[in-house]
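What follows is subunit A paired twice: with subunit B in the first complex and subunit C in the second.
Up next is the complex of A and B:
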């Protein structure tokens, strides 16, 4: 009798969980949090214009998080481990761009932006270098682990070690001082309709993030290598059986992740300042975005990044900006409690 | 000279030896069925042939070339394709994308012709070519898996339990397709639980037990062998 009652309880709790742990539930919870937050802010005499500006800035921050997050979700999809050194790659990319801006003669500003062509050149030069660094790390560290079928924990620990290693190299070369791409130069603020005030640079960040994300999407969806990457992420064993050289797919994945991390790092550095631990602080928002958008799903990473970015900026309407990382953490916990699979589901759903 | 020649292969996982000194051959355009009890090493033999497991001893020759040290992606290019028993389709990809991945190593063009050939063999796949393979029934998935393996027009097709988990009607359909493929000149090596049915369509068969070959003969002679019938065909 007691056993039957217990089983009935289990069935009931499973039914409740099935009803609660849905994608709709996660979407509506997040939407509700935003609505309530905005309502409380308005009640606390924060102006509507400021809230709209915060949302606009959040979208830009989402672009930066998204550029890092897509690389993270790609490497997770193909290699099946969380790469804790991704933040260090973001820092490395930002500093390599800085090295180029520092070395070459600077041109005049491009249009309304605070940077000149040497900044763009820095990203173009930095991206493949970080890609090659990723490849080298893979050869030395992850490939031997792969051929020994090492456990997930070893991969995660190895990547954590790499995070400190790469960060230390950044410290050695560029020291721990704060740096700016253009010291003393500020990006002019633009007045957009609805009372939104944003910097031209922020619009550039959003545009670049959008273009790169679209490029990644097209590459994954329509090119032969992109299909091979999706196939390898879906079923690595079968990919080998079907004639795909999975080591080559992994190499391309690292190159892409490194290049996107560089773009993200340069954008992040442009919007604030450069310091060796900058990528490390971006790691939590990136992971939160990737998990929220369903890990392994590049479009999901961007959606998650935009939500995290907007939430982080919007939170400053009522609380100190110092709590920014905590906002990402709270959203991550909400996601894991309600629907660990995330908002979008696996890439094939 | 046989198409595939497995000579004295011993291999296994970790320290566990699964196959000991197994030898077999497959001729051009031949259907060869491997039967035997569960755990006899039938699937292991197939994985060793396809380069997913390194043999500890022995050689594997295909089209007069030693292939036992090659990676699967290199073996595919020699004209051999493999359909695993489970997880044999890319569930996130559409039917058409699955077929395109099947032709991944095809560099000379002719992708559309290959697709058309497969669609002719499995008209159902043409109807559902934009569907994700993960949303399809077991029988349809088996068609996708076989279709992708046929995209490179292989000389030898390895089928691991093509009828596993399928309804009797679908089993009949798949077996019928296997014979049709074979008539176009593709040699077939298959492992089957459905031993009686597979021996009926096979030109030759091998009985594998405890990782060794026990009996070999034409499909018919194995079917009529009282020992084989008693031990492996369930009476």
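Up next is the complex of A and C:
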């Protein structure tokens, strides 16, 4: 009798879990949090105009987080470990871009943006360098671990070591001072409808994030290398059985992750300022975005980044902006509890 | 040898004796006299040979290494026994430090209150402060453990980084709590009266006469003894816990979660318990640190010093082995202190390469420690001292052991029985 009762209980708990751990549940929880927060803000005499501006700025912030997050979600999906050095790679990319901007003669601004062509050149030069750095780290650290079938935690630890290694290099070369790509150059805000004022740079960042996500998505869906990447992410052994050179796939993944980290770092540096720890501050929002948008899914990373960006900005209507990381953390925990596969993942993934 | 040097030597002999107890192998009959001899000889020798400044350096080195050793022992409960990937040690360390500071200081009044704010100041004794530091750190762990611990290890690592970051920001921004970005000053030190001029009123005359030659600036000799006693107590408790059924369940969950659950162990409960136990120990370490530093602020709890170094210590020493954790803490703290000298020597070399590089030579220390962790992960993930596969003394007594491990077995028996 008691056993039957217990079994019924288990079935009930499983049924509850099945009902709770759905995509719809996660979406509606997030939506409910936003609605309640906006309602509370309005009740606390925050003007509607300010809330709309905060949402717009949140979308811009989401672009920055998303740019960093695409590279992170790629390595997380294919190599199956959280790369804690991604933040340091973001910093390295930003500083390499800075080195180029500092070195070459600066041209006039491009259109309404605050940067000139040398900034674009900096990203184009910095991206492959960071890619090669990633590749070198993989050869020295992660490949031996892979061939030993090391546990996930050793990979995580190795990436933590590499995070401090790369950051110490950044400190050595560029020191810990704050830097700007264009010190003293203003970036005038554009007046958009609804009283929103954003900089042209921010729109560019958002656009770039969208374009890069689309590019990575197309690459994963339609090219041979993309298919090989997805196969390796799914099951490396089976991929090898089908004749896919998984080491080559992993090398490409690292190159892409490094290049995307550079773009993310340069944009983050453009939207605020450069400092060696900048990538570290971005690490928590990036991981939250990647997990929320399902690991390995670049579109998901951007969706998650936009949600986290908006939530971070909206939170400043009532609490101190210093607690931005706490917002990302809370959303991460909600995602993990309700649906660890994230917003876009298939069940059981 | 002056009288002051003699007193210092004797005071230094106490922590060295305690530390030597676990370094010297063999049975208790050999160990205790051996450790006493080593403590007295080394303590007096150091006091006689080294000038005052260098001797103080030795004391501060041992103090910091012992605090780090406590942190490493706490991490060992979480990672070594249970496999929790806690990348947020700094958070629990900071909570312990600030809690103890708030509990033991008195709340500022009058004009001072305008410059220094804190939520409360209870003016309670040092031991209460340390206890409170441990308990509050444990409570923080209790709040965050349930939602995170039942999930994947990589999520736990990410979440704990977030926790540490949030805790650091709270102590950075909340002025009312612990004086915000300004440092919290005047944390009282236990037994401080021993080195003051009249001396503690409760001390017997013999002790007062013995401590007479010391001045207030020699207080660190006394506090080192306090820290090392805490270290020894925590080590003993953890050593017993490892051997107990509780410790063995933790290891079984780490190695084979499914079969531990199949044998009727409440896996989630045990994991939460281990996480909290580790956090309590980290909180105690934080409290000891606060009283050591007297003045603390949020910058003391950065990821490099308060998380990364401790991971390097545990990985190098040997995860799952308390002796290894201790060894790793002392070795890495020595390396960290040593790299300061290396960085100093390299300064002229770096200046030759590029002028501004010389000012940044301190970052070489980061690089060296990062490389050290990478090397450990790559070539010796089990650390210097391996984990003992069999820890129960009943099994050790019964098992047929090859002759070369018999000494270790004797030591294990002596320690627990």
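Please note the rule applied: the second predicted complex is superposed on the first by the 345 of 349 C-alpha atoms of A that agree within 3 Å, B and C clash if a C-alpha of one lies under 4 Å from a C-alpha of the other, contacts with A are read in each partner's own complex, and residues count from 1 in each chain.
In this section, a residue touches a chain if its C-beta (ideal position, glycine included) is under 8 Å from a C-beta of that chain, and two chains touch if they have at least 3 such contacts.
All values derive from a computational prediction rather than experimental measurement.
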| item | value |
| --- | --- |
| Contacts of A:243 with subunit B and subunit C, given as first, second, both or neither | first |
| Partner chain in contact with A:169 - subunit B first, subunit C second, else both or neither | second |
| In the superposition, subunit B vs subunit C on subunit A residues touched | C |
| Overlap of the subunit B and subunit C footprints on subunit A, listed as residue numbers | none |
| Subunit A to subunit C touching residues, read off their complex | 81-82, 84, 140-141, 144-145, 150, 152-154, 156-158, 160-162, 164-165, 167-169, 171-172, 175, 280, 283-284, 287-288, 291, 320, 322-323, 325-326, 328-329, 332-333, 336-337, 340 |
| Touching residues (chain side subunit A, partner subunit B) in the complex | 224, 227-228, 230-231, 233-235, 237-246, 346-349 |
| Residue ranges of subunit C touching subunit A (in the complex, touch as defined) | 83, 85, 87, 147-148, 151-155, 157-159, 161-163, 165-166, 169, 172-173, 303-304, 308, 311, 315, 356-357, 359-360, 363-364, 366-367, 369-371, 373-374, 377-378, 381 |
| Of subunit B, residues touching subunit A in the complex | 50, 52, 71-73, 76-77, 82, 84, 87-93, 97, 100-102, 104-105, 132, 134, 148, 152 |
